[in-house]
Each structure stands twice: as structure tokens, then as C-alpha cells.
Amino acid sequence: MKFKVSAELGYDVKAPSTLILNVHALRTAHQIILDEKLSIEPYIKAEELPSTNGENRFVRLDITDTGTVNIKYEATVDNYYEVRDYRDFQEVPVSQFDPAVLTYLNPSRYCQSDKLYRLANNTFGNIDNTYRQVVAVTEWIHKNVEYLSGFSNSETSAYDTVTQQAGVCRDFAHLGIALCRALTIPARYFTGYAYKLVPADFHACFEAYLGGEWILFDATKLAPLNGLVKIATGRDAADAAIASIFGDVFCTHVKADCQMLNDEPFEPIYYTKSVFDGITYL
Amino acid sequence: MKFKVSAELGYDVKAPSTLILNVHALRTAHQIILDEKLSIEPYIKAEELPSTNGENRFVRLDITDTGTVNIKYEATVDNYYEVRDYRDFQEVPVSQFDPAVLTYLNPSRYCQSDKLYRLANNTFGNIDNTYRQVVAVTEWIHKNVEYLSGFSNSETSAYDTVTQQAGVCRDFAHLGIALCRALTIPARYFTGYAYKLVPADFHACFEAYLGGEWILFDATKLAPLNGLVKIATGRDAADAAIASIFGDVFCTHVKADCQMLNDEPFEPIYYTKSVFDGITYL
Amino acid sequence: MKFKVSAELGYDVKAPSTLILNVHALRTAHQIILDEKLSIEPYIKAEELPSTNGENRFVRLDITDTGTVNIKYEATVDNYYEVRDYRDFQEVPVSQFDPAVLTYLNPSRYCQSDKLYRLANNTFGNIDNTYRQVVAVTEWIHKNVEYLSGFSNSETSAYDTVTQQAGVCRDFAHLGIALCRALTIPARYFTGYAYKLVPADFHACFEAYLGGEWILFDATKLAPLNGLVKIATGRDAADAAIASIFGDVFCTHVKADCQMLNDEPFEPIYYTKSVFDGITYL
Amino acid sequence: MKFKVSAELGYDVKAPSTLILNVHALRTAHQIILDEKLSIEPYIKAEELPSTNGENRFVRLDITDTGTVNIKYEATVDNYYEVRDYRDFQEVPVSQFDPAVLTYLNPSRYCQSDKLYRLANNTFGNIDNTYRQVVAVTEWIHKNVEYLSGFSNSETSAYDTVTQQAGVCRDFAHLGIALCRALTIPARYFTGYAYKLVPADFHACFEAYLGGEWILFDATKLAPLNGLVKIATGRDAADAAIASIFGDVFCTHVKADCQMLNDEPFEPIYYTKSVFDGITYL
């Protein structure tokens, strides 16, 4: 499917600073960037950094002058997903996990899976299939956690959300990741542009490693799983912040948008309890 | 210098399980493994995993039988360090950091640098040189945190230690890392074998990225900085656990040892306030 | 019923110190102390402090000499409980709560009810009767929290236990209290001697304010509800520590015991799901 | 001195609810209420509750109708303080503390003194006089914690503030209390009306028990210590909330004011490092 994505960010720079942006659509075998453009007003040279394990496309700006900086990113992206049927799901044991995914079993800043071991196993341990476990995790979060802007902040972690039961997409994703890891299912954070997300914004959800593949899950259910354009994956939001600021800089506005380019037919996909589907962006 | 290192680990396996060991001395341009041997009793096939960014050498064991498993690792290692003089230290700004080190500015499970920003800057922010900042961080931890076995546990993080002020080498390292990152100094966890550590054990300390290099710091001051054999580096202990257990397995004993091979002359190096030295294992 | 209770505590005193003991059986209209004796070896004068709201009987020792101190408390207690039937339970609204119980709605050190509001209401909010809510809270804790010595420590709170799901009687009580308060049910900590507790020890459970009375609940189910001798009640363990130490003193041993004096017939009472009983010690 | 104090609170009541107000000036031997008036629009009967240990004057409103409720409290208060000179300060040991103050040594919801023991003693333990310790605590907080509206919330505690180093008057008070208790100095929360506080609002500070008296301290230094009208004291903000809401009610506005009644001469008192003064409201 072809999407037109865009991001606008505004900054008030009080002193020379460095900014690392993370808004570029990721380049993968299944996500082709047809065209893209980064505009910075006033002009600042942007350095695209070598990707960390193919998981992101950071751009570093060395801002030497104070004042207002406006950044606009626009891209046309052609991406591709597949739907898996988990009726005949073949479990992959830890002893056969791709070594590269083992890091996604470790606890991280916002996903303290080590502290959720008993809760995860008491709640989901009796489900005998990892695909169904992740579906159950997602349903549990969707049912128990209230989507509430302003409740959480940049320090909020899964350990808070599991008890306080309110937050935004980032918090839903962190809790999903932490519970999966506590169940010995590798899981990682996913940020992207989301088609039909209301209101338009960047979105966060998570991927779980099932049967040797990364399958997408979204406990917020706020956007169709098949309308996402990946920006980055990582252990959690610490790896995939939209922008990292080093210096005396204040963000004045953030906007993101995602439109379908042509009027392709679009059948939104959400998981349901009765169906055994899994979306993978490969 | 040539060191003879060894580790012994014992496990009681209650059900088929997977074990990922992290006791092998790292192979680097400056740390040569002259010989090494891993013995597992009873025999289990050990799979050495591809290293994550050259930071570790994980070995995976697929244990199919229950019972006692005894593991012994022995190696002869020739390693090499350099001493830097920080009298004429040239600061490297974030805009010129090697992109590969940016991840070590992010908060991690045990190093919540985002929550220590004000404390770090209130306490160390007026020191005008990052080398001296890290030395001051190390001295502050050494002075305020009591080395106390049994006080902390596997869930203890820098956010606890900064207030509770007691712990073991792992906690000292996590706090050093968190404070450095809060000061915009990349920092990472270091595990290794330590010569002259009493009692003999695995050791943990940290490396800070100064002037484009990884310099070793140890707030415990329990072992000379020039007697270490590196096992792994990582964001924090979550990346560099001696062993990760997946299954119903209990650890019965852990031992580590580090001896100098020949009676080479050894002048122990510790940093002092009056000297501007930094040890790097490169 | 008549119980013979006893406590033995040993201390190693390194410097002149003050000790506040909280092992005396409480005197109430329904708990009569037939005889009691406090022996301190070597002799130290013990000052019984005026009770805080009739909730405890603290004894203060001013220890001027270093060395070993052995304390023994023995008492014969005649106490009395009533069983309430909650089939026809009349709810009392907050507007009619006895003002003295309002403090037991507030969050306290180990019972952060303010952080459990959503969880408590999501999990138990649809139960339409406060008695049944507390029974459900107790059953939930019993089912999800593992009794595990050594898992928690003196800093562990309900906020930890609700997620980490392991602990001892103190942790079970704190979680019960915190969940009740989050449901606007006043709840308080209860310490006492417990008949038929195995192994013999001090016990902690909690009381919830239902229909204008304090009803006893014990999520551990380790001791019959009708075999308790009350030592103290309070907001949480901070109010009812067995001993508070001010100075350089180490506890060397603690023992508690509770026997029935005569061979009275004793029918142990535990709540069951099908019965609508509540035990109150008045 | 005679003060005219007032409070205005507005609520939007969505369902029948109970409200407990805590805005009345306290009645003490040294704080006389010359006149006072509570207006509730529309009229709701207000029940003044028996004070808990003389520490507060709660008023309970049983609101049966939905809609807007506006509350206004006005009082003329004559109060009296004394200044102590700590040059010849006589320490009172724990063994001679008034038993009623022992509860203020315990950790509470927002003042986890048990977790700050080492930090407090490492930082202030070498000061040989409890008065000077509390002055040092206050200065340390004033220097290290930034007054920043919106940084903290109703769940923020001393354990957060000691590390995160930003907050409002409530957070400054909690941290002062927690550090004092960790130093075995009883300390309690104080809310009141504050003369010359800019902008006008309710204020929070703390009292420490020194030499057998409660002495006032304010780490914010935002209001003169001799211009306060006490509303309540308690263990922490959990005991002294301006209003506790039970039901579906939203606060729409809060205002507080404190004026001197006549143009009495007023010399504002703040502690300074060179003077050994302590203000007590007795």
C-alpha cells in the first residue's frame, strides 16, 4: 500500500544544541521509500546516522544559532505486510531463538519484565500457546488500562501502568512488551505513522516474536494494524524517541500525519478473539 | 599482561531448560585468548552465539535432562591497556559522538538517567570537564555508598542506590552509569575477571566515553584498574548477566578466579585526585 | 476463650539505646488480661506509654549498658469475638462513617491506596456490596500472592506486592488494606498472637470497617480467624512494629507463641465463599 | 497578630457525594478564632467532625444534589508565636520524648524516612545538634530542589523529590519531614494560610520536634515564618488534604488568601545561618 506521511516539529533554541530526530520512515525490504524530503527552516545540515541494527534512521542536527527551528519531513512509502494464521502455529523454543532477538527478552528502562514475572505467569501462564498469550495480554491491557492523555509522563514505565491502569499509546506498548518478556516472549517497541489514527499523531505499539517472526500488536486498538508505516523499533521508547534533545531547546509543536496515497481499497484489520491472525511487517 | 581466568558454575536442573552463559573472555584486538576450555559435566553441546556488536560472547546450552550440571571455563588471556593523560583533554561534543555510542546515553533498566538529571547536574554540573566529572561521580559514589553484601538484589537499580546508598559492585556500576548519562556522557556496564579482587569473584564496573574513547572507572575501588579481563560490556546488568536461565533451574554455586600467569611485575593502578589518568582497554 | 501467649526477643546492644516494644496484648472491653509478666535480663526499667487511641500498648526501654538483653513477655488473655452474618448487611455511607475511622481511608507508608484506585475499581468495583468486595479482595490476594519468606523486606509495600505477587503475612495485610481503602472501605493493620499458626510466630492481618464495625480478614489463611489475640492496630506496619530500635542495637532472635489455656473445644473459623460470615473482635 | 483569612472552593458535582473540607483555622490556646463563617451555595448542611488529636477541624458535607457547589470560608484569627534561641539548646533524647510525638518518627505515605536513613545520616549525621541538623536539612532542600509548578503530582513523595529535585511547597515539606525522621527527629506536616505568600494560596511547610517543642521550618522560603495561620498538622499531606472527595466530583477552583487585619508592624522572620532562632506556634 502507498502512504503519504508527514511530520512537523518546531523548536525554540536557547543555546547551541544537538538534536537527534527519529521521524524518517524506515527502509526495509518490504517498506520502500518512493520519495522523501526533510526541510529545516532556517537551513541546518542534517547528518543521517548509520542505522543501529537496521532498526532506525536517526538524523543528527548540530544547531549553532539560537531562535526558532521548524522541521518538516514528508515521504511517500510503499509497504507490505503479511497475515499469518495461527491455527497451526509452531512454537519455537528459546534454544532455537535467533540470537539477535535474545536482547528483547531483557528488561529495559520502561519495561521491567523482571518485576512482572509472577503477575504475568499467574495471569497468562496457563495459556498453552504463545500467540494466544500475546493476544490475551493485549486484550487484558485494552480492558484494564484507560487511554488518558496527561495521566502519564516521560518517566512512566510498565511497572507503573500495570497498577495505575491509565496512559497513552506508549504506555500501552510498554506494558505489552514487559508482560511478553516476563512470559519469555521477545518483544520490542514499534513507532510509526498510523493511517486512520484519530487524532492524527505518531503512534506506538509493539511486536512480539512468534514462531520466528515479529508480529504486530496494539493494545490501544486505536488504529488498524495494516495501516502502519514503521519509523523505528527498539527495546522501548528510550531507543525510539521522536527527538532527543541535547541542550537548551524547547519543543513548541509536534504534528504527524498519514494518508493513503491513492484511493486503494482498505479493509482495516484488528485482531478478534475468534480469529487466529497475526500481522507482520517482516 | 597474561592472566589465567576461570569460572565454575553449578546448576540443579528440574526440567528441560535453556541456559545462556556469559563467562567467556571477550576477543578484541587488545585482548587475545591464548587458550580456553569450556567443560560441562555431564556433556551438553554448547553453541557460541554471534556477538552483539562485539560486546559479548554468549554461549547457549540446551539442557534436555534434569539433574546436576557443572560448568567450568578456563582461559589464558593476554590483554593490553593504555593510560591516558587528561591534563590536555579535548572534549568531544554530542554532535561529533560516534553514532554507535549514542545508545549509551539512553536510560536503561537499572540506570534511569532520565530521573537523575537534576541531581547529577546540581551535584556535578559545575565541573567544567567531563573527565573530572566522571572522577567526581566515582568519588561521590565511593564516599556515599556503602559496600554491603545482601542489601540489594537483582531488581535494585541506580534510582534506589542513589538514595539508599548501599549495594555491591553491580549497584556501584549502575549508579556511575546513570549519573554519567544524566550528564550527557555515554557510559556502559563492564563485567570481567578481576586480579587481586578479595574475595575472588566476577567483578562489575563501568566505562565512560571520554574524548572518543571508553575509559574504565570503578567506584568500589576494590580491584586495580589494570588487572581486569573483560567478559562483556552492555547497557547495564540486563545485557551482561553471567547466566540467563530459561526454565526450572537453580544455581547452586558460582566461582570466579583471576591469576597473573607469570610473575610479571604488577603495579596496581587506581585513580587519585591529583593525577589525571584514565585507563582504557580500547 | 483463654489463651496463653508469650514472646521472646533478644538484642545485642552496642551502645546506649532506646527500644520501644509492642508485644503486650491489648486491653479492650472484650480482651481481658488475666495476668501478664515482662521479664528483662539484665533488669531495665520499662515504661508503659499511654496508648495511642487505645490501639496499642507500647513499652519504652532506656538501655544504658551495652551487651546482651533478653526480653520475655507472658500473658494469660481472655478474649471474645462475635460472628456477623452479612446476608442482610446494611451499608454505611461515608457521610455516616464514625469520624474516627476516616484516617483509615488515607494512604499510608506501606498501603498506597491512591496508586491502586483504578486497579481496585477495575477488579472489584462491580461487586455491589462492601462485605463481598473485601471477601473478593482477600480471595484475590490468596490466589495471586505466593507466601514466600525472604522475598520481601521491611521496605516492601502494597504497591510492590500487587505486582510482584509474593511476600509474608505483613505484605498480604498491606495489600488487603490498600485495596480496601482504594474502594473507600476503611482498613487497618492488625498484629497479634495466632493460635495454630505454623510455624509459631507473630501474625499480621487486617480489619475492614463494614457496617460500622471492624471485621477481621486474613488473606494468608494461615491461622483460624477466631484464634487471635490482638497486640495492636494501626495504619500499617509502621504503626505496629513489634520493636522500634533507636540506637546501635541488633536483634538476635524473636519468638512468639500462642496456646489455648484449657482444652476448650475450638472450631477453627475461616471464611468460605458460600457463607456470609464476618469475625469481629469489637 | 490578627489575620483575615479566606478560602474559596468550587466543585462540579456529578452524583451524590461526600466532601470533607479542611480549610478551617485551627483552634489552639495560641490561635483564637475571633469570628468565622462558612458559606455554601447552594446550602448544604456542614458537620464539623471531632478533631483528631487537636490537629485539624474537618467539616463533612453530604451532597445529595448534582450541580455546582461554591464554598467560602472566612475567619478573623488572632495568633501568637514565640521565638526560641538555640544557642543553649538542650537536646531531648528519644527516651524522654513525649509519647504522643513518637508516631511522627514513623515513615508515612509521602515521607519514606526508612528509605532515606543512609542518605540523611551520610549528609547530616556529622552535625552534632538536632536544631542545626534541621536547619541544614532545610538549607539543603532549598539549595537543591527547584520550585516548579506542575512537575510533581498528588502521588509524588519524598523518595521521588530527594532524587528528582523539583516540586512545590508540599514536596519541600515532605522531603524535610522524611529527612528529619531518618535522623530520629519527629517531624510533621503543617498546612496553613500564609501572609505575604506570592501568589496567594494555601501553604505547606513542616514542624520538627526540638527540645520538646514543635518548631516551624519552611524549605521553600516563600513566606515569612511568623505570618502563618495553622489549618492542620498531620503525618503528611494524606492527613491534611484541603479537601477529600468521595464520589463523582470535580474541583473547579481553589483560592486562599491571608491579610493582616490592622496595619500592625510586621517584621518578616526567615531563619539565617548565623542566627539560632526557631519559631514555634506552640
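Every chain is named by a letter (A, B, C and D) in the order it is written, and numbering of its residues begins at 1.
The rule is short, and it goes like this: a residue touches a chain if its C-beta (ideal position, glycine included) is under 8 Å from a C-beta of that chain, and two chains touch if they have at least 3 such contacts.
The model shown is predicted, which means the values in this text are computed figures rather than measured ones.
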Graph separation of chain A and chain D (steps between touching chains): 2
Distance from the mean Cα position of chain C to that of chain A, given in whole angstrom: 46
Computed distance of Cα centres, chain B from chain A, in Å: 30
Overlap residues in chain B, where contacts from two or more other chains coincide: 115
Pairwise touch network: line, ring, star, complete, or other: ring
Which pairs of chains touch, using the document's own definition: A-B, A-C, B-D, C-D
Residues of chain B that touch chain D when the two form their complex: 115-116, 118-119, 122, 144, 146, 159, 162-166
Chain C contact footprint on chain D (complex, rising order): 18, 20, 49-50, 52, 58, 60, 62, 93-95, 99-100, 102-103, 105-109, 111-112, 114-115, 154-155, 184, 238-239, 244, 246
